[in-house]
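Paired with chain B in one complex and with chain C in the other, chain A is shared by the two complexes that follow.
The block that comes next holds the complex of A and B.
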C-alpha cells in the first residue's frame, strides 16, 4: 500500500509541478500587476504547438527512440503549406500539405532506418540537416528572400484560443485512445521495454516504428498548421526552438527517457505547459531568454536525474 | 579440516515494499565448506547472498566476515575484500569487450601516459579466462557476441581473477552445459581445498547434494533447517523446502507414448550455419517431443527456427503445410515459444505482469482486434494469474520484482492465455524450484491430454525421460538418436548419442 502510494505520488509529480507553476505565475503576475487573462492566452498560444508536436513524439520516445528533426520538420511543413496557400488560396489544401509533408518526412526517417537497419535517431540527425537546408532554399526561392507570407486575413478567423485548444484536444484524445486502448499503443510500449522480447512475441520492430513515426508526423503537421495560424509570416526562425522544446517538455512531463511501459501521453501536455509557465515567470522577473534557456537545461538534467534514481530503486533483486 | 567461521549472518531482515524477503535470518558459513542454499523461488536465497556480496543493504540485523562487522558498500568493495558473487541472470555488460567486462571499473591500472593500454588489458583478461578453463573465449571480442554460457564464464573469470575467499554461485549452473558446470564444480572444489568457502544456490537437488558439505533450506524468507552432508535425504529436503509433501506425480507416471498421426509442425532439410545440418523433424498432434543434447548441439537454434525467429539458410519449417515466415506468422498458426534466456528474450522486466501476459494475446481479447476494453484485459490476465498460481501483489506488479519461478509462470501465461496449440519450450524449468517445476510438468501433461503438442528442449536428461513421448538427441546439428517412451530409455543410452 505504502509502495503503491509512493508510486502514485511519483507518477503525479509532474502534475503537481504544473500546479505549482500555475500558482506561481498567478501570484507573481498579480504582484507585478499584469493582465492575467492576456498572460494565460499567451501561455496557450505558445504551448499549443509544442504540446501537439510533443504528444505525437511520445510514440517515438516510447520505443526508446529519439527524433531530433521534429522542429525542422514543423518549419518545412509550414513553409510548404504556406506556399501552397499562396498558389491556390485554398486553406484546406494548405492544411493537407502541412500534414502530408510532415508524414512524408516521418516516413522517410523510419523507412530509411528500416532499409539500412540503422537506429532511427541516426536518420533523424541526417534529416535535420536536410530540412534545415530546405528551409533556407524554399524561403530563398519562393519568398522575398527572408520570408514567405501567408495573408494574415486568410487565417485570422482561426487565430483564437477555442480553435487551437480544440485541435490540441482532439489530437490528444486520439493519441490517448491509440496509446492505451488499442493493440498499437500496447505493442509500442512493449517494444520500448524490450525489443528482443517484443520481436519474440510477434511484434514487428520495423512496422511499429513506422506507425509511431506516422502518428508523430500527424502531430508535426498539425503543429505546422497552427504555427502558420499564429504567425503567418514564415521565416528561417519559424519553429526554430520547437525541436528542443519538445524534447524538454516530454521529459519535464514525466516521460521516461528509456521509453517502455511507463510511457504516458499526458507527459507531453503537462511538460509543454509547464515549460511555458516557467518561461513566463522568468520573463516576469525580467530574466532574459539566454538565462531562461540555461534554467531549462538545468531543470532538464535535474528531472532526468530524479527519474533515473526512481527507476533504479524499482529494479530490486529478488 | 578447519571449522573456522568465515561469515556469520545474524537476525538479518529485508523488505521490498509490503513483501518480506528475509525475516530474521541466521546463517553460519565455515572455511573449507561448500554450503548449499535451497528453497522455492522467492524464499530469500538470492536476497541473503546479495546482501552478503554488497549488492544491497539489509534493513536490520548484522553480519560478520572473518570475525569483524561486515557492511559492504557495494559489490566492488565486497569483491576487493574477498567476497565475490556470480549472479543468476547475466552479470556482464553486452556493449563492451570481454576484457573490459573482466576489468570493469579497474581499467585505470592499464593507463600509461594517460592512455589505457587495451592490448595489455586483453592480455591479462585472456590469462584470467585461461585460468578458469575458458580459454576458448577471446578476451578481445565483444561480449554481446557471446552466448549465455560464455557470458557466464566471463563473469566467473572476472570474479575469480580477484582470488576471493568466499564465492557465491547463485543458480548459475542450470544455465550451463556440462562443460560450464564442470568449470564451476572445479572452482568450488579448489576453493574448498584452499580452506576458502563457497555458497552454492541451486534448484537441482541432485547437484546440491553431490557438491555441498552442508545445506540450508529457506522458505518464505526464513531459515527452516540446516543439514550436514551425512543428514542429506532427498525427501526430507523437499518437504522442508515446500512445507508439505509433494502431492501427485512429479513427472508423468505413465509409459504410454501414443499421440495423434497428424503432423502439426515439420522441419524439412533445414540448414543453418553449423547449428543445423540437413535437419528433419516431425511433431505430431498431442505429442510431447523432447530434444536433448549438449549445449552447443544446435537444439537452441532449432527452437528459434521452429518459431520462425531464425530463418534457415535452406530447407523450411511447415505448419499446416505452409512455410512459417516469421514470429507473428508462427503465432497466427498457434505456436508459442519460451526462450532459454528468460530475462532477455521472454520478458519485459520493466513492465507489469499484465503488460507481459497481454502482449501475447492482444489479438485474442481486443474487440475486433482493435479496441482493448479494460475489463476484458483484466479478466484475461487474472485468469492466467489464477490458473498458474502466480505469486504476486496484483497484476500491475512489475515482473522484475518476481522470483524466477513466477517470472517463468508469466511467460507460460503469455502463451497459454492465447490458446497456443503448439509450444516450443527451451529449457522451461531453468532456475525454477521443484514445486513450480512439478506444476509445470503437470500442466504440460494436461496440455498433451487436450491434444496440444509440445517440444521440450532441455539439457536435463531426467526431464526429457520424465516427460517426453519421444526423445530426439542432437549432436553437431544432426539427429543422432531417437527414443520412445514405451521403450523406457536409460540415461546412459541417451548420453551415448550425445557425446
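The block that comes next holds the complex of A and C.
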C-alpha cells in the first residue's frame, strides 16, 4: 500500500515540478515587480509551439523511437507555408501547406524507417541535415537572402492567446482521445513495451509506425502555422531550438524514452510549460545564459531522476 | 584458397574509399580541378580524417553498447576552451594544450559516466542534461565571447601533415590495443553481446561503462584541439548547438561497420573517415555550397543504409532473377 502511494507520488513528480515552477515564477515575478499577466502571456507564446509538436511526438516516443528532425520540419513547413501565402495571399492555403509539408516529411521518415528497415534515429538525423539545408536554400532563393516575410497584417488577427490556446487544446484533445480511447494508442503502447510479442499477436509495426509519424506530422504542421502567426518574419533561426526543446519537454514531463505502457500523452504539455517557466525564472534572476543553462541542466536531470526512481533496473539502462 | 580469402578481404576493405576516390577524381578532372593540388589540400584531407576518425571512435564506443551520447560535441567544446584558456594565460606550447585537453576530456567523460551510473537513467537522457551542462559551463567561462588565439603562433602551429598523421596512427593503435588486447576490451565486447549473461558471469559493468565514457571523452579532447587550432577560435554553442559534431560520425561509422566484415572494425572506422574526408575535400575543391553538401551527405548516408539493411533481400532478388 505504502509502495503504491510512493509510486503514484513519484509518477506525479513532473506535475509537482510544474506546480513548483509556476509558484516560483509568481513569487519571483511579484518580488521583482514584473507585469505577471504579460509574463504569463509570454510563457504561453513560447510554450505553445513546443507543446503542440511534442504532443504529436509522444506517439513516436511511445513506440520506443524518437525523431530528432521535428524542429527542422517545423522550420521548412513554416517557410514553404509562408512562400505559398506570399504567392497566393490565401491564409487557408498557407495552413494546408504547413500541414501537408510536415505530414510529407513525417511520411518520408516513417517509410524509410519501416519499409527499408532503417534505424529511425539515423533516418531522422539524415532528415535533419536535409531540412536544415533546405531552410537555407529556400530562404536564399525565395527571400531577401536572409528572411522570408509574411505580411504581419495577414496573421495579426490570429496572434492572440485565445486562438493559440484553442489550437493547442483541440489538438491535445484529439491526441488524448486517440491515445487513450482507441486501439491505435493501446497497440502503440503494446508495440513500445514489447515489440516482438505485439507483432506475434498480429499488430503491424509498420502500419502503427506510419500512423504515429502522421499524427506527429500534423502537430508539426500546426506548430509551423503557429510559428508564422507569432513571428511572421521567417529566418534561418526560425524554430531552430524546437527540435531539442521537444525532446527535453517530453522527457521532463515524465515520458519514458523506452516508450511502452508507461507513456503519457500529457507529458509533452507539462514538460513544455515547465521548461518555459524555468527559462522565465532564469531571466527574472538576470542569470547569464551560460549559468541559466547550467541550472536548467541540473533541474532537468534531478526531475527526471525523481520521476524515474520507480523504474530502476539492476543493470545499467541502454 | 587462403590467398583468395586474403584478396577478397583486402578488396572488401578498400573498395568503398577507392570507388569514392575514383568517382570524385573523375568529377574533378572533368572540371579541370586537381584533388590534391598543394600541401594545404593534404592538410585539409588529413585533418578531416583525424577529426572524423576520432569522433567516430568516441561515438561508436558507447553507441555500440546501446548508449546514445549527445554530449561528445559539448565535451570537445569545453575541453578545448579550458585547455586554450590555460595555455594562453601561461604561454604554454600546443603539445601541452593537447595533453590538457585530453585530460579535461577524460574528466568530463568520467563526470558524464558517473551521472549515468549513479542516476541509472537512460543514457540518451543523461547525455541531453550533460550537453546542456557543458555548453553552459563553456559559455559561462568565456562570458559568451568564445576564445580567440588567432595571433598566437605557437597554438596555431598544430595543423601539419606530420601532426595529423601522428594523431591518426597513435589513436588507432591505442584504440585497437585497448579494445582488442586488454581484459577491459574483452569485457566490453562481452557486455556488448550479452549484458545480463556477462554480469551473471561476474563482469563488472559499471567500471567498464565508466572506462568507455573516459576514453570517449579523451578522444573528443583531441578533436577539440584539432578544430580549435585550425581556425584559432572557439565559438560558443548553447541549446544543443554542439551536437552537430556528432552527426559527422554517422556515415563513417556505418561504412566502418560494413568494412569491419573484412578487417578489424577500428580500421574500418579509419577507412570510413578516409572516405568521408575524400568527399569533404571534393566539396571544398568543387566549391559546393554548404547546404548542398549537407543534402548530398544525408542522401549518401540513407542510400548506404538502405543497401546495408536490405543486402540479403537484394541478393536474394538477384539470385531468384538469375534462376
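Going forward, the second predicted complex is superposed on the first by the 296 of 318 C-alpha atoms of A that agree within 3 Å, B and C clash if a C-alpha of one lies under 4 Å from a C-alpha of the other, contacts with A are read in each partner's own complex, and residues count from 1 in each chain.
Here is the rule we use: a contact is a pair of C-beta atoms (placed from the backbone, for glycine too) under 8 Å apart; a residue touches a chain by one contact, two chains touch by 3 or more.
Computed from a prediction, not measured in an experiment: that's the story for all the values here.
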| item | value |
| --- | --- |
| Partner chain(s) touched by A:183 [first = chain B, second = chain C, both, neither] | first |
| Touching partner for A:292 - first (chain B), second (chain C), both, neither | second |
| Touched partner set for A:164, first chain B, second chain C, both or neither | neither |
| Touching partner for A:264 - first (chain B), second (chain C), both, neither | neither |
| Touched partner set for A:202, first chain B, second chain C, both or neither | first |
| First (chain B), second (chain C), both or neither touched by A:121 | second |
| Residue contacts on chain A - larger count, chain B or chain C | C |
| Contacts of A:137 with chain B and chain C, given as first, second, both or neither | second |
| Chain C-contacting residues of chain A that also contact chain B | 258, 314-318 |
| Chain C residues within the chain A interface of the complex | 65-68, 115-117, 119-126, 128-133, 135-141, 143-144, 195-196, 199, 205-206, 209, 238-240, 243, 247, 250, 254, 290-295, 297-299, 301-302, 305-306, 309-310 |
| Chain B to chain A touching residues, read off their complex | 16-18, 21, 41-42, 46-47, 50, 55-56, 307, 309, 326-328, 330-331, 337, 339, 344-352, 355, 358-360, 362-363, 366, 369-373, 398, 400-404, 414 |
| Contacting residues of chain A [partner chain B, same complex] | 1-3, 180-183, 186-187, 189-190, 193-194, 196-204, 258, 260-262, 311, 314-318 |
| Contacting residues of chain A [partner chain C, same complex] | 66, 112, 116-119, 121-123, 125-130, 132-134, 136-137, 140, 241, 244-245, 247-248, 251, 257-258, 288-294, 296-298, 300-301, 304-305, 308, 312-318 |
